[in-house]
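Order of writing sets the labels: A, B and C. Residues in every chain begin at 1.
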Amino acid sequence: MQFTGTHILSIGQFESQDVERLFEVADRMEPYTKREKRTRVLDGAILGNLFFEPSTRTRVSFGCAFNLLGGHVRETTDIKASAISKGESLYDTARVISGYSDIIAMRHPVAGSVEEFSRASRVPVINAGDGPSEHPSQALLDLYTIRKELKITGPVENLRIAMVGDLKYGRTVHSLSKLLSLYRNIHFTLVSPKELSMPGEIVDQLLAAGHTVCQTDNMQQGLQNNDTVYLTRIQEERFANQQEADIYRGRFRLNQSIYTQHCKPNTVIMHPLPRDSRAEANELDNDLNQHPSLAIFRQTDNGVLIRMALFALTLGVAEEVEKHTEEVHWYTDKRFRKLPPMTGDQ
Amino acid sequence: MQFTGTHILSIGQFESQDVERLFEVADRMEPYTKREKRTRVLDGAILGNLFFEPSTRTRVSFGCAFNLLGGHVRETTDIKASAISKGESLYDTARVISGYSDIIAMRHPVAGSVEEFSRASRVPVINAGDGPSEHPSQALLDLYTIRKELKITGPVENLRIAMVGDLKYGRTVHSLSKLLSLYRNIHFTLVSPKELSMPGEIVDQLLAAGHTVCQTDNMQQGLQNNDTVYLTRIQEERFANQQEADIYRGRFRLNQSIYTQHCKPNTVIMHPLPRDSRAEANELDNDLNQHPSLAIFRQTDNGVLIRMALFALTLGVAEEVEKHTEEVHWYTDKRFRKLPPMTGDQ
Amino acid sequence: MQFTGTHILSIGQFESQDVERLFEVADRMEPYTKREKRTRVLDGAILGNLFFEPSTRTRVSFGCAFNLLGGHVRETTDIKASAISKGESLYDTARVISGYSDIIAMRHPVAGSVEEFSRASRVPVINAGDGPSEHPSQALLDLYTIRKELKITGPVENLRIAMVGDLKYGRTVHSLSKLLSLYRNIHFTLVSPKELSMPGEIVDQLLAAGHTVCQTDNMQQGLQNNDTVYLTRIQEERFANQQEADIYRGRFRLNQSIYTQHCKPNTVIMHPLPRDSRAEANELDNDLNQHPSLAIFRQTDNGVLIRMALFALTLGVAEEVEKHTEEVHWYTDKRFRKLPPMTGDQ
């Protein structure tokens, strides 16, 4: 793929050499996210950060990535405040807003909306999530994290990954599956209640690409012998009735003792976040917060690297970043220091 | 008018030489909006972009214009989140916020509020719309667009313009009429249902200034023989009763076939946007989206030029802009390329 | 206190030499807030301006302070739009967002939340208000204002201050009291309805530190013989019943005639803002708006100096600010000109 000037809409656009190219650029962004140095390569450029659905984390991640390259960010955080709510077409919104900015990151609740918007845009558009459909930078940061955690250089091969939870509605596990299917000999263990299992066409696609797929509703069995466990949240309202929900309550939860009992040592723990940390959530327990294999916050850190790389590549400045580098003057000391164990009721 | 340090509150402040001065500066901003170069003339300055009423388009346009001059933007998007909702006076808000910023752009739902605010402000204030009253940068960008589309250099004269739709409540047609009345021999055709006709005092003002005014509720007749047609939306709830609304339904609509049948070739089509593109809206059809005379997106592009010029003039840097110019490194290629015809159900 | 890399959570962290250090840096920020020059010392740094509760004034003040040091600002304005509303813990939010930014300013409706957040943050956190609990930069700007208004150089001593209004729930008067208790021989006059008097433990703390405290519900008496009067708003719903509210209605109001009758000449008038300027509010009348002793807008101006100093100190660049100074090109003339008397119904 020619990145420069290209809309990044779907994980389906990527071939494995595109992923390699992206990850190589992402690696080079690390001195900037660690504040060892800073760059002004996009000084004067404007990101239109259009979030027509609330998402603090992803919105701020895209905005910071652009700031770290030196650019300005103009944004919108709500569909109600926009002309779209008065019947304006995505075509009109795109024609207008793309006249203001150099690149656009867009989230919208409706599947296909970002692609429709991009057809009328005069600047590159990055899909930051279109409803249940796509969120390509999430899958890319997930794969990037897997490689970094497992110290894999080059394409992943012979990876053993368990995906756990709501595999039916989870956008992130769909996209990550599609992305992993580009590689060779991946072993997928899909752990979910039967009602929330992975859509058949994705399973078929994985099998057709020569990967191994095991499906189970038995958490303990599914956790065995993986390199990575990727957890997602189950919402009880997804079940047909309360009896069904009751059957599975608490059975797809990971905590310190379940991890120690069932997971291979050093199994990487991932989650797309946000996780529900309320007592009744039963998702991924806080007692793993200090575990060295818990990669969930390294995932979000890596997200900034991936988004910087996407901006640099689509705007054609990937080879210019270092030329505009300057020193960092300010305090950055604790940034990657290990945190002390938490106290209190966390 | 001395622009430097002056509040821009009303189109009534402008004489024709002020408009000439503004448009001359706006012309010089084009290399920056086209990203042929960039400027840092306002690097370090802060715009207080105070939108006490939602408007993504206008808010982002002002913000981008300031970023394109190199400045920072701090903003508010909602009156509910502000102290105004707790009984704070506009005087207090102005005294406080004007201590934070170098210039303020303000939208507020109440007529007269921006003027009241400006009296207590310590920095120049630009009215970005005060309810039904004024929105001077819109009228200025409309006139600027008319001149560019018709390749007029210098003051407009002998222009034939049709204004169509809700002329009673439409802030933009009022302001544009007042602005055009500064020039000589304009021929206005005012096309609206009788219930939504142009206020008498504006018509009187146009006539007193020596212009020609024709009023009609016959769309086909009104479209004949104009240089420009300026459309606005009719909201059915404006009518006294449903029977009245039914009489006029669909009669003030412009589409490809009506344009071809009734408009002079090359008649410029304008609209303040947003337009309602839902099927029932009957306003300005999408089948004109690729028409070379459809100027609606050039209007919004021109809005950035006009707002950059207003900032540069009120902050006294209009002659400094080029001195702080630098190269653009990043991809900008598609920005003013023609879009391919749309596909699908747009 | 070692400022660099330290969370600023509570006024209790400050000893008097810390206050001196902060105020000395704040003094040096004045040429930048007056736009006599500008600095780029934090060019490339990112402030995470996390407001999980609306507050235009404080949010914009923090954001502008960071922009004035040359940095970028990414922000959130609403808790509903955030993952916190989906059950995300403050620990998770902190781990994620502190990976994006160089420093965080945070407001949150729950007491203790900012401290909890800061424990998981990898960057310094400044408390911008955690519910009824703390808002340290407000107390610091209040004390800074008192010293400037009274032309005190060095620690305050023998100050006579009246605090008026709702002293029970008023976060600002609590924090200012604690801060003043660091100094010697302060004379506090606490004027409030009995139901809304200063909490006993704060009074005890002031007495234990050797200060004088007078408590009264008699406004006229309380106003006598002070250097400074600090007003806060009384909300009628605070009273146990309407009869109680009726007893006190209008009795804690300051206007021109009450000031002239009861206050020593040149008594400094302060208020944390926003004030309610509606007719029924009876708080601090607009007829004092032009009074030379009304310091309320100098308080908010000083807030930017204090926040710049907090950023510069916690990020360890207080001694670098001047090294990155540049000229200001744009119009700044009216910034500190005196305003003309107000006209109209303000």
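Note that contacts are C-beta pairs under 8 Å (C-beta built on N, C-alpha and C of every residue); 3 or more make two chains touch, one makes a residue touch a chain.
Note that the structure is predicted; figures quoted are calculated from it, not measured.
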| item | value |
| --- | --- |
| Rotation, 0 to 180 degrees and nearest 5, that superposes chain A on copy chain C via CA atoms | 120 |
| Proportion of interface numbers common to chain B and chain C (over half same, under half different) | different |
| Chain B and chain C: spacing of chain centres that average the CA atoms, whole Å | 40 |
| Multi-partner residues of chain C (each touching 2 or more other chains) | 77-78 |
| Chain C-touching residues of chain A, taken from the complex the two chains share | 33, 35, 38, 40, 54-57, 60-61, 63-64, 67-68, 70, 73, 77-78, 273-278, 281, 286, 289, 297, 300-301, 304, 326, 328-337, 339, 342-344, 346 |
| Of chain A, residues touching chain B in the complex | 4-5, 41-46, 48, 72, 74, 76-78, 80-83, 86-89, 91-92, 95-97, 99-102, 116, 119-120, 122-124, 314-317, 320 |
